[in-house]
Amino acid sequence: MTFDQELIRQGLTLTAIGIATAFGLLIVMMVLIYLMGWATGIPARRAARARVAAEAAAAESRDRALAAVAAVAALSRSGEHAEPTT
Amino acid sequence: MTEITDFLNSSGLTNLDWRAVVMVLVGLGFMYLAISRDMEPYELLPIGLGVIIANLPLAGMALFVPGEMGHQESGIFGVVFHYGLSFWNILPPIIFLGIGAMTDFSPVIANPRTLLLGAAAQLGIFVAFWGALATGLFEIQEAAAIGIIGGADGPTTIFLSAKLAPELLGITAVIAYSYMASVAFIQPPLMKLLTTEKERSIVMRPPREVSRAEKLLLPPVAMILIILVVPRSAPLISMLMIGNLFRESGVVPRLANTASNELVNIATIFLMITVGTQLSAERVFDAETIVILALGLVAFACGTVGGLLLAKLMNLVLREKMNPLIGSAGVSAVPMAARISHHIGQESDPRVYLLGHAMGPNVAGVIGSAVVAGVFISLL
Amino acid sequence: MTEITDFLNSSGLTNLDWRAVVMVLVGLGFMYLAISRDMEPYELLPIGLGVIIANLPLAGMALFVPGEMGHQESGIFGVVFHYGLSFWNILPPIIFLGIGAMTDFSPVIANPRTLLLGAAAQLGIFVAFWGALATGLFEIQEAAAIGIIGGADGPTTIFLSAKLAPELLGITAVIAYSYMASVAFIQPPLMKLLTTEKERSIVMRPPREVSRAEKLLLPPVAMILIILVVPRSAPLISMLMIGNLFRESGVVPRLANTASNELVNIATIFLMITVGTQLSAERVFDAETIVILALGLVAFACGTVGGLLLAKLMNLVLREKMNPLIGSAGVSAVPMAARISHHIGQESDPRVYLLGHAMGPNVAGVIGSAVVAGVFISLL
Amino acid sequence: MTEITDFLNSSGLTNLDWRAVVMVLVGLGFMYLAISRDMEPYELLPIGLGVIIANLPLAGMALFVPGEMGHQESGIFGVVFHYGLSFWNILPPIIFLGIGAMTDFSPVIANPRTLLLGAAAQLGIFVAFWGALATGLFEIQEAAAIGIIGGADGPTTIFLSAKLAPELLGITAVIAYSYMASVAFIQPPLMKLLTTEKERSIVMRPPREVSRAEKLLLPPVAMILIILVVPRSAPLISMLMIGNLFRESGVVPRLANTASNELVNIATIFLMITVGTQLSAERVFDAETIVILALGLVAFACGTVGGLLLAKLMNLVLREKMNPLIGSAGVSAVPMAARISHHIGQESDPRVYLLGHAMGPNVAGVIGSAVVAGVFISLL
Amino acid sequence: MTFDQELIRQGLTLTAIGIATAFGLLIVMMVLIYLMGWATGIPARRAARARVAAEAAAAESRDRALAAVAAVAALSRSGEHAEPTT
Amino acid sequence: MTFDQELIRQGLTLTAIGIATAFGLLIVMMVLIYLMGWATGIPARRAARARVAAEAAAAESRDRALAAVAAVAALSRSGEHAEPTT
């Protein structure tokens, strides 16, 4: 074991920078990938939300339609249930 | 009849010494392992052939004579070594282009925390680096080239060795590939020693589906980030990401196919035979070689341990525990180390299915080693 | 701790200036157009990647250091730029070999008068050349390299720029490919402006069958004729015709396939990334770039006009009228310009079927531009 | 208007002399033979094209200007000639790698005595060598390059000529390929003259099955043996055996496929056109050319005779007689000479089935010529 | 606009030679292609002419044959029409 | 014919070494291939010998089994021949 001070110092710096950079970069990359996943998910989530909203709206109008149908049916007592399309 | 004596003197038989004979047998041994044991055949077969032709006396296939004197004197693998490695170092980047075009980053995107395991497994590099310094036999540049064996990544080892210690290139590359071919013997004992049966039986949820947008964003984002911080890793990182973008974009199938087939095959033929030709008897028959062989083993072992231990450490804070066996895949040795994680997991409990998860640290380890190589080049 | 400050100083982040950031965004923009808009992806995707890696500080991928100083200093695309373009200029001829092996000259043989339209569409080259001279900003060699953008032919633009104005190569090549990707926006307004509805509705007889003998005779005859008159066009014309003869002869399928696949793919990967790396911030952030951008657009427009007007002029004397829309295909931009001729024709009358006819001036335009490039090289 | 006169003076038409016209016609003739007569199309078609472009005045495609003066002055085939042949001579070894990956050594293993026929057929080399010396027109190195035509093996002829007599390379290579394309005219008369009907009717037992172990052992054993004795044959022999081991090992199919397809195709395109470009008028219009043409024919004839006579001689001592027709296949000219042995045998008796047997001396002849080339290089 | 005389002259020459060469070469190529089409058509046309002639000859001999047959038939009044092959 | 002595001597040496080397090497290769064929055949021959021996042993035990069966059959007069597997 023939270490000189300078070599140890240089080796330590190298090790410190090396480990710090490797961990640092891969941690930042990890964060960026989470962000990417979140960001690229936005349209999908928005679409999903829009779909949910649309479905809710559709369900509401269906309910109204059903109510109307029921009312009409109740009035006429001679109709068939119409199957409403979403 | 001076011609006859000249001819006899110019024949290899009269110039053969026992060390060359041993090296030819070593070359035949590599070929045997490649062909009969199917150990890393794409590297060890051409390397073995290169070892043989470099040690047949006066064949001159690995000779490079610079300048006008090189007229009809340089051998084909000498030319490849000079321009492909020692002078311009452009062959490893070409291989990385092909690797990028063959790599699927989905496991990393689906489970980004596995990137940390790829970082932890670089521990082996630094342990071997200090070990090499401690022997007092090596310059600090050589110690870095020996350390990078622990990156368990052939082209990175070749690239860094060509930069910092071209005289060691043959030895570090061949040792790296040999241990990569032997991870099935090196890693399992350590994996069983450092994990409990209960840990090895942790079942992980299958990785989530990854969208095309994420796959398209990763290469440019990672490339810009890493090269901004460590510009000297650009030859490896940029080529890896360019190749991957060719693949994931889907709009340049001809380029993606050529990068991952013909181009990488041609580069492999010439690079691997050339690496083999660097194992000349005078370089190998040296106490240093045994030391590097030992340090390389230490590097692989410590990388494995680093990945395993960080996985266990992360489990202390994570709500959804990961199976620590995937940590050892962080050393790279793509894809063998990931397969080993999977097999050891299956041994514990057949419901443990780790292949997809272990590919995360596996490819992260490629990036991690390239980053460390870039740091070494920056500072040495 | 000088190493730490050294390392920080050697990182790209501390060396980043806003112009490099803009260029990286430009590179990402090219990639976006290639991937999401499918605009010339085989050129704009690798060019975009090249722009990015050339503008990440200190990555050095596009550096070429000549002589012994180049040891481990040159980057792979610097080496490709030096030997493939600025010194030997051998990459564009290799691309032309592949183009030849992919080109079918039948439309030209079936209707030789379309060759004239390919000549007329070179008008744009000369208009832009004079425009560049008129600005007083450019040497005459640079003006020629700017003019050739109007040839709407990537390898010809790269070849001539590398010869006469290597410092403009990145800009002229990228502008040429960008406008080629945009012919669908540039040409149709001019085509509708300069032709009447009646002209656009002219139905042409389907092109005649072409015999194998004719296909075999064309390449050597054209090659010998053109090179005898303009020897400096040989690197482009001879390779184009050699590739075509490999294809048409039918006796060397292995060579024809390799020339039109692996060889051209490998050349494309390296050439296009390298072209992208020539777009460094300091070159692009210059008033000249805007001027060249404008002149390139003028060149494309005038080429289109030249082809259209000659077609109308020829109709004055021809008994069997041709649809003047095929004239605009003479600018090259193979095969987009020919497709546009076809589509605009179909808009006027669904019985108008111009694709086969427009391929005539389209490939004639490739020959025409290569001839003009040869003339420029001879005289400058 | 000096530019106009300059331009006219720089055109090929004003610089054309009748010898160049003749050479262009010769090139067209090679192309005709390749395309219409299917004579060695993979060599004679690109060679013909090379002849044409080298003889069109001022095209400069075959020019190589060394050093800094070479800036934009060298032609692509000049560069290939310089680095691929005259300086490093690395293209013929690459072709041999591909040939190795395409060759099946089973016939040699099944019937090793056919190796001797491959040795005997090298007789032609030495007869032509002495013939060349006897004329007093050639240096001894040139005589060796002329003699090697009798090896009937293109890459070996090119390799040796590039080493010993680069100024003759075009002529020796083209003559070798031309006679190889003509063995169907050269060999049969000699075969019928030197054998009796009874000999030609000898039926040989079908060759035995060869085991995988034997196929795996042959390449390294032959490589080590031959290179130990004649190190200078290494560039050819080692590449041949490496390619063959890629093929026979079965563990590196990607490398075997690339070596025998894309890599050899790319090398063939550039090598053969480049060989053609070496046939410039000033070299061909020389009394020497006619002499070499005659000597080449003598070489082919004597090689054929050598193989036939040794077969007859061996029959005097062998218990199981061989059909002497397979002797003529020892000249190489793979695989045409073997096919001719087969056809002539079938003419005598339809039960005579020689194709498999004749492949033995045929591939042995390749090894034999490479060995002789190595001896020439060692001693000259 | 900073033109000097020499530059204009050089530019003009270049333009003149460039356009003249491009048009000249492509016109010659056009003529050669027409010639090639005509020349490569010769064997086909000759074959066609030969075929026409052969057909004419065949037709003539067929006519003669038919005449003969007719004559024979007329003579014998008991024969069938033989279908001659071309 | 302008030969000088030195050239003849050099040519002769070259021819002698060339022919000797070509024949010598290919003869050695021939011998090595015969050896290889013999050596790689060893396992196969050993296996074949082993198989022959095994078959002989099997045949012997089959014979014994048959004998036993026959004996049993002879004793019982009501058994069926069992087909022994090798």
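Descriptive notes on the structure:
Think of it as A, B, C, D, E and F in the order they're written, each chain with its own count starting at 1.
We adopt the following convention: a residue touches a chain if its C-beta (ideal position, glycine included) is under 8 Å from a C-beta of that chain, and two chains touch if they have at least 3 such contacts.
Note that this is a predicted model, so its numbers are computed, not measured.
The set of chains in contact with chain B as well as chain C comprises A, D. Counting only chains that touch, the fewest steps needed to get from chain A to chain C is 1.
Superposing the C-alpha atoms of chain E onto chain F requires a rotation of 115 degrees, rounded to the nearest 5.
Averaged C-alpha coordinates give centres for chain D and chain E that are 43 Å from one another.
Separating the centre of chain D from that of chain F, both taken as means of CA atoms, is a distance of 37 Å. Centres computed as Cα averages put chain A at a distance of 69 Å from chain F. Across the assembly, chain C contributes residues 3, 7, 229-230, 262, 375, 379 that each touch 2 or more other chains. For chain A, the set of residues touching two or more other chains reads 10, 13-14, 17.
Going by the touch rule set out above, the chain pairs that meet are A-B, A-C, B-C, B-D, B-F, C-D, C-E, D-E, D-F. Those residues of chain D that touch chain E in the complex are listed here as 1, 3-4, 7.
Listing the residues of chain A that touch chain B in their complex gives 1-3, 7, 10-11, 13-15, 17-19, 21-34, 36-37, 40-41, 44. On chain E, the positions that touch chain D within their shared complex are 10, 13-14, 16-17.
On the side of chain D, the complex with chain C involves touching residues 3, 6-7, 10-13, 16, 24, 28, 31, 34-35, 38, 41-42, 45-46, 49, 52-53, 56-61, 70-72, 74-76, 79, 261-262, 265-266, 268-269, 273. By the touch criterion given at the top, residues 108-109, 112-113, 115-116, 118-119, 122-123, 125-126, 129-130, 133-136, 140, 143-144, 211, 213-214, 217-218, 221-222, 225-226, 229-230, 364, 367-368, 371-372, 375-376, 379-380 of chain D touch chain F in their complex.
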